[in-house]
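Chain nomenclature is as follows: A, B, C and D, assigned in order of appearance, with residue numbering initiated at 1 for each chain independently.
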Amino acid sequence: MFVVIRDLLRHNGDFLAGIVLTGFVVAMALLSFVSPYHPLDQFVAPLDVPPSAGHWFGTTSRGQDLFWLLAYSIRNTLAFGILVAIISRVLSLSIGLLAGYRGGWTDRILMSINDTFIVIPLFPILVLFYFVMRDNMSWVLLAVLTAFLGWSYDARLIRSVALSLRNREFTQTAVFAGMNTREILAREHLPFVLPIVFSTTLNNMNWSIGLEVTLAVLGFTDINRPSVGGLIYWANQHSAVVAGIWWWIAFPVGLVVMLFIGLYLLAVSMNEYIDPRSRLDRMGGQGR
Amino acid sequence: MSAVPNTARLTTGRDTGPVVSARDLRAWYRLSMFGVVREVKAVDGVSFEIRSDEIYGLAGESSSGKSTLVKTIAGAIRPPLEIVGGEIAFNFMAGTDGLHRASGEVAGQVRWRHLSYVMQGSMSVLNPVRRVRASFADFAFRHMGLDRAGFEAAVVSHLARVNLEASVLDAYPHELSGGMRQRVTIALATICRPNFVIADEPTTALDVVVQKEVLGMFRGIQREMGSSVLFVTHDMGVHAHLTDRLGIMYAGRLVEEARTRDLFARPRHPYTRHLIESLPRIGDDKLRRGLEGSPPSLADPPDGCRFHPRCSFATERCRREVPAMTPVGLDHRVACFERDRVEASQ
Amino acid sequence: MRVYARYFVNRFLQFLLVVFIGVNLAYLITHATPIDPIEHTVSVATAFGHTAPEAVAAMRESLRELYGLTGTPFEQYVNFWRRVLVADFGPSLSAFPTPVSTLIGRATPWTVGLLGVATVLTWCIGNLLGGLAGYYRRNRLLKAFGIFAMALHPMPYYIAAILLLIVFGFVWPIFPITGGSQMNLAQGWTVDFALSVARHSVLPLLSLVLVGLGGWFVGMRSLVSNIVTEDYVVYAELAGVSRRRILTSYIMRNAVAPQVTGLAISLGHVFSGALITERVFGYPGIGSLLVDGVNAGDYSLVLGVTTVSILGVSIAVFVIDLLYPLIDPRVTVS
Amino acid sequence: MKSTMVWLAAGVVAGALHLGVTPPAQSQGLPRDIPRKELLILENPEGTVKNAGWFNIWAINANSQSNGLQQAALDTLWYIDPDKGINGVWDNSLASEKPAYNANFTEMRVKLRRGIFWSDGVEFSSADVKFTVEMMIKTPGMRWSAALANSVASVDAPDAETVIFKLKQPNSRFHALFTVRWNAIWIAPKHVFEKVDDPNKFAFEKPVSLSAYVLHSHDPDGKWYIWQRREDWQRTSLGRFGQPAPRYLAYVDPGPPDKRVIAQMNKELDVVHDISPEGMFTLARQNPTSKAWFKGFPFGHPDPTLPAAIFNTQLDMFKNRDVRWALTLLIDIKAVAMASYRGAATISPIHVPPTGRHPEFYHEPMQDWLAGFEIDTGKRKIKPYDRTMAKQIADSLRPSMGNQIPSDPAEVARAFGTGWWKPDQAAATELLERAGFRKQGNQWLKPDGTPFTIRVVVEGDARPIMTRAGSMIAQSWRQFGIDARVDVAQGTLLTRRAAGDFDVILSWSVETWGGHQDLSFFMDSWHSAFVAEPGKPQPSRNWQRWSHPELDKLIETIRTIDFDDPKGIDLGKEFVKLAIREMPSIPLMSYNVFTVADETYWTGFPTADDPYANPVTNWGNSRYMFVKIKPKN
């Protein structure tokens, strides 16, 4: 694994860029642990100071230092993305593997449900949920919900791999060795799909973070918890755009775009590593 | 299938000059994976000729470079494959040096008119979303110089040669059986009556009965048209049945070439001998020896004769020097220092 | 024909399942809302003027009857399905007594128009350029476009929309930033109105297209670069088939099939995007209606909009499914 | 290949240029074919109207209220102004004189003006008033059905200019139903509605107008409404003040605050209803023609409402007034003023809005009582009032805002208010401890040992000011060791407020006429008879669900005295003293609305110097603007 990453770093520009971008964002998130400010405190810094030596990212109209606030926010936003990724991985893995391994009716039923979730417009459903849950809608609950709505793409992908594993010799051996379905899936099939899981995780994080940012900007999340979308929400509450407090919007947007592009590049380069065909082809393409 | 050499056509008699000739052909794959450049010498110094109105067979195990050789001759050079050296000449393309160096215009005129191709993996060579009729039009219409109706009639009558009904023209490839698809491909490759047809493992995916039928048809059409064929397969049985002359490839090099009958009767190269001996024979219950070791990596081939690590005749010289193709009889060449010992030991 | 019939039945069952699950989900959620429509109405009605409290109690009673909020939950549920079948969602509670279907009917053309044009435009441009980029890998223009599309692709709709709004509505104000057409311009099939609608759609459309483009572009590019190595393409090249024909009939034609499936899959996502776009750009349509309905606690409206959007998306997907065999003849067999 | 790309790019660019740049003459957000100089464009704060073709305002909530209908086309008996008024606070509109009650307030007699006509040429008469009342009594479920059915025994129209209401019980404030403060019961055209079977389901699509404007056109999608001045504007009650200047009015949905600012800077929105303080400052800085209520800081028009931190006094933790006072003493009003309004707040220590004529009736006369007011913390007595608080806010703003900040004490008081309660954590601690609360580590516990947590409900982006104030208040409590968090209610606010589903809510339960001393507008509904059981919906406006025997007595006394009786002021002061002692809600400030008018095309909008009307575009009272403004040049 280490060698893989070293090779990727050394020879894949996309991966390097992805690592640098994501690394920057993660470093920012880690900085929040040494922040001199409490994330919820307002009016602890002078108002509307543009980016300067004293306040690198400036301050908000609510008297917060944007740099440290952004550190907290990106940490929470990342945590959300990771939690969604973990839960939806569990779901898509178990459903994808099961459907692929069992086949037949199990597969048909599971994939029908899967396709349903792919088609249904999720955003209105999430907004509805928010209005039902209100103050019970903690970020963890939102993450669980998002995960429950966001496993379907990847489950389909995993299923297709599992389908091909089903007829391999080692599966039959395992069946004869008396392993039950759960054991076969966990011990025999899981390792084969893990590489795919890894690259889809990054895409899934991109998706869920985008969703959270959007919901938060529209005020559909818990505003007590600083997040990147929440920052933009508050900036809108203070008309930061027309009031000329551009840094209040620019830095969160910039950082989140960095994260998006970073994760995306990582996913792409991972994918390339996993599927050498696309890499070979990329090289092949140079000659045309 | 019987492995007795085909005796139906003992000689080709005439010698009207080669349709295709290749000299010292080198085609390598140059791969750069995460900074490490790897060279795979898939075709490394191959020379041979194909005469008119003959079926030239090319045999060898998979990854011996025969498919690469075919691609090189057909001008299907796509990175990372590169032609590093050598020459190819076609008698129907005077003044040019191989298809890969020809201009697009010239190549467009030559392809299918003079040189056509029956490809390996015939199941997937037809565009899955186009009806068979469209494929015929795409491939052959411009060469035939006929109007629509005339072309259609020509196609239908040509299809009849391979025992296909006109209705297949309206079918999609996936609606046809494997045998039918293969016959469509053969019809497609031969409709322009090309001087030279390359057939790369065209029957590999078919079951034995269908295979035999298709091969028979192929042979029939070839005779009728008098074109030259380069027929590639790893199946020695097919070669014995079909080809006039046969070249054996091992690890990117031609190791032996002879008339098929001669080759089967008196192989001079230990590898050829191994290939022939591993064919099942009726009434033969001798336990066949397997070949030890595995084919060498073409990225890092052994010095000297590339076969020496697996060769029971190998000497110190074999490890150092590369044996050249040396004539040992009429139309018979072999690249082995110990060829006499091999012959003697039979 | 028999195969197609089987395929049709399969897809139709899937369509029914989507509708069933989606609509039930919407029904359940809307009926769990903490917003009491009666209370909400009363509060709105009495928020400003002078109304005696005892009058409020009386108002509450008469409203319950007026809105027909009676019967057991099961009766309401059965009643609801009956209404879905005839596309009647009852009166809107916040725009009583106007039927929900009238409100939705008024909003739908905007959303469908914007979404339709955006989706078609995005899909066509993205796939065309992506296909060309996959085939002509060394073209500088296409490479530059690839980088541009890649950078935009992972961005959430909201961010792209707000950036466009700031740039073209504020910094360099050349486009309208709110509304669907000019004021005091009668709606109808006139050139004036069409031009006005076009002008007002530029920014919402642009935001949808810019963000959506990258996905199709990247997807198509990698599809094409894989298809380029397929046997049938190589074979056609060996046969000297013209490049144009290979690009169109061999490469693009085959790459388009998975992209059509992708289109069907992405429609739900696109609809979510439209909801945000409508909010950001103050564009009339179903998304705005939904948010308004949610805020007003108007659950018949919310349920109506959600049901219609689920129906709309699944019908669109179903239609694509039915047409798919035209694009990929193999599908009915497998 | 290349040429295709170039063509494609060229096409896109050309298309964009064509759509974007060609029509510079007709700017983006202006109505077509209407001369800009004859048009006044106002914000409809309701945003997009769902039910755009519905003009039956008598049906409940079917329609828009602020699309110009009640501002430009409807009329009723009287108007009362939150400030000075166009011709005094009181205006007899369709009535020709003030309401006349009998001695025990069981009968109200109304004299109507003559010579007023509906826009379709039918003359207005007492029959319309009688019809309106009877229609609503007869048809339950209309907007004022219940209010009228509860009070009115009968209504008679003995002649064309007289209406007599017989009331079911004595009510000295019955006329309030027909007195416009924001809205009132509007008079419906008998000749239209008498032909209607079910007035609840009648859209009134082509509204017949009783005021100076008629509907010109509207957006079927509800984003704009255009009204046209009637040719016979003299035959309306507004005709008394001369010709309304704008020939056309457009009520539009300009979008969120940012877009409103942009629209006004682009001269596409003459009157902004409300924006954030920052948006206000931006307009003041960048658009010289923008004028607000005050010339400089704090700009906004103080609405006669009192945003407050309202306790749910039915919760155990808030039953003890010591707790309520302790929480009051933890609030730093300067910080709240900064957070919510950036200082542009008019603070109030008492439960009366510091607006209109109230300071003159209540705030100023009560200064000495406030200064002497004592609280017993159990350990000592403190005097919490600090009368310099508003001056401190003004002083703290002066360094950054310069001479925009007045220094004349009277000006400061008018703009910023007077005093407020001093933050006093020691006293708060003592009060909480006396109430049985205790602090463990960094966390306050309730008497039962569970953590002291407070959910502060705010409205969200519909009312940023309240959201911002709420989050500041939660912060001051949190920093003291109380687990306080903000909860955004958005659309659920109304339901939750009524259901008591909150610990503390940022809202107003106090609102008044503004220009008149009478407090019954809100106070009548605070009677204990209307307090709902916990968990049951609470009728407006006693959101704190607070009752007190003394309060009941005050309310009952007020009901028996005349609207204009000066005794009302004394009773009002008694109420203030009671509310201060009990602190059922923490009064904060007036709701300052940043209504901004742009003087590029029109001048003479109402301001603090000429407070003839409420400038807020959604009030029915804003109609007086139309006759006072003048075209520029």
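Keep in mind that, in the parts below, a residue touches a chain if its C-beta (ideal position, glycine included) is under 8 Å from a C-beta of that chain, and two chains touch if they have at least 3 such contacts.
Keep in mind it's a predicted model, so treat the numbers as computed, not measured.
Comparing mean CA positions across the assembly, the chain most remote from chain D is B.
When the C-beta pairs in contact are tallied for A-D and for A-C, the bigger tally goes to A-C. Geometrically, the chain at the heart of the complex, using CA-atom means, is C. Centroid to centroid, with C-alpha atoms defining each point, chain B and chain D lie 91 Å apart. Spacing of chain A relative to chain D, judged by their CA centroids, is 44 angstrom. Centre to centre, using the average C-alpha position, chain A and chain C are separated by 23 Å. With each centre defined as the average position of its C-alpha atoms, the distance from chain B to chain C rounds to 55 Å. Listed for chain B are residues 78, each touching two or more other chains.
Of all residues in chain D, those that touch two or more other chains are 256, 258, 262, 490-492.
The residues of chain C that reach two or more other chains are 34-35, 136, 170, 229, 294, listed in rising order.
Of all residues in chain D, those touching chain C in their complex are 1-2, 5, 16, 19-21, 26, 28-34, 47-48, 50-52, 54, 59-63, 140-141, 143-147, 149-151, 173, 176-177, 179, 181-185, 200-201, 203, 216-217, 219-224, 226, 250, 252-256, 258-259, 262, 266, 462, 490-492, 494-499, 501, 521, 524-525, 527, 529-530, 537, 539-540. Against chain B, the residues of chain C that register as touching in their complex are 229-232, 234-242, 245, 249-250, 253-254, 257, 327-330, 333.
The touching residues of chain C, counted against chain D in their complex, run 34-36, 39-60, 62-63, 65-66, 92, 94-98, 103, 106-107, 110, 132, 136, 139, 141-142, 168-170, 173-180, 182-187, 192, 195, 198-199, 202, 282, 284, 288-289, 292, 294-297, 301.
Interface residues of chain C facing chain A in the complex, by the touch rule stated above, are 13-14, 17-18, 21-22, 25-26, 29-30, 32-35, 136-138, 150-151, 153-159, 162-163, 166, 170, 222, 225-226, 228-229, 264-265, 267-269, 271-273, 275-276, 279, 290-291, 294, 302, 305-306, 309-310, 313-314, 317. In the complex of the two chains, the chain A residues touching chain C come out as 112-113, 115-116, 118-125, 127-129, 131-132, 134, 153, 206, 210-211, 213-214, 217-218, 232, 241-242, 249, 253, 256-257, 260-261, 263-264, 277-278, 281-282, 284-286, 288.
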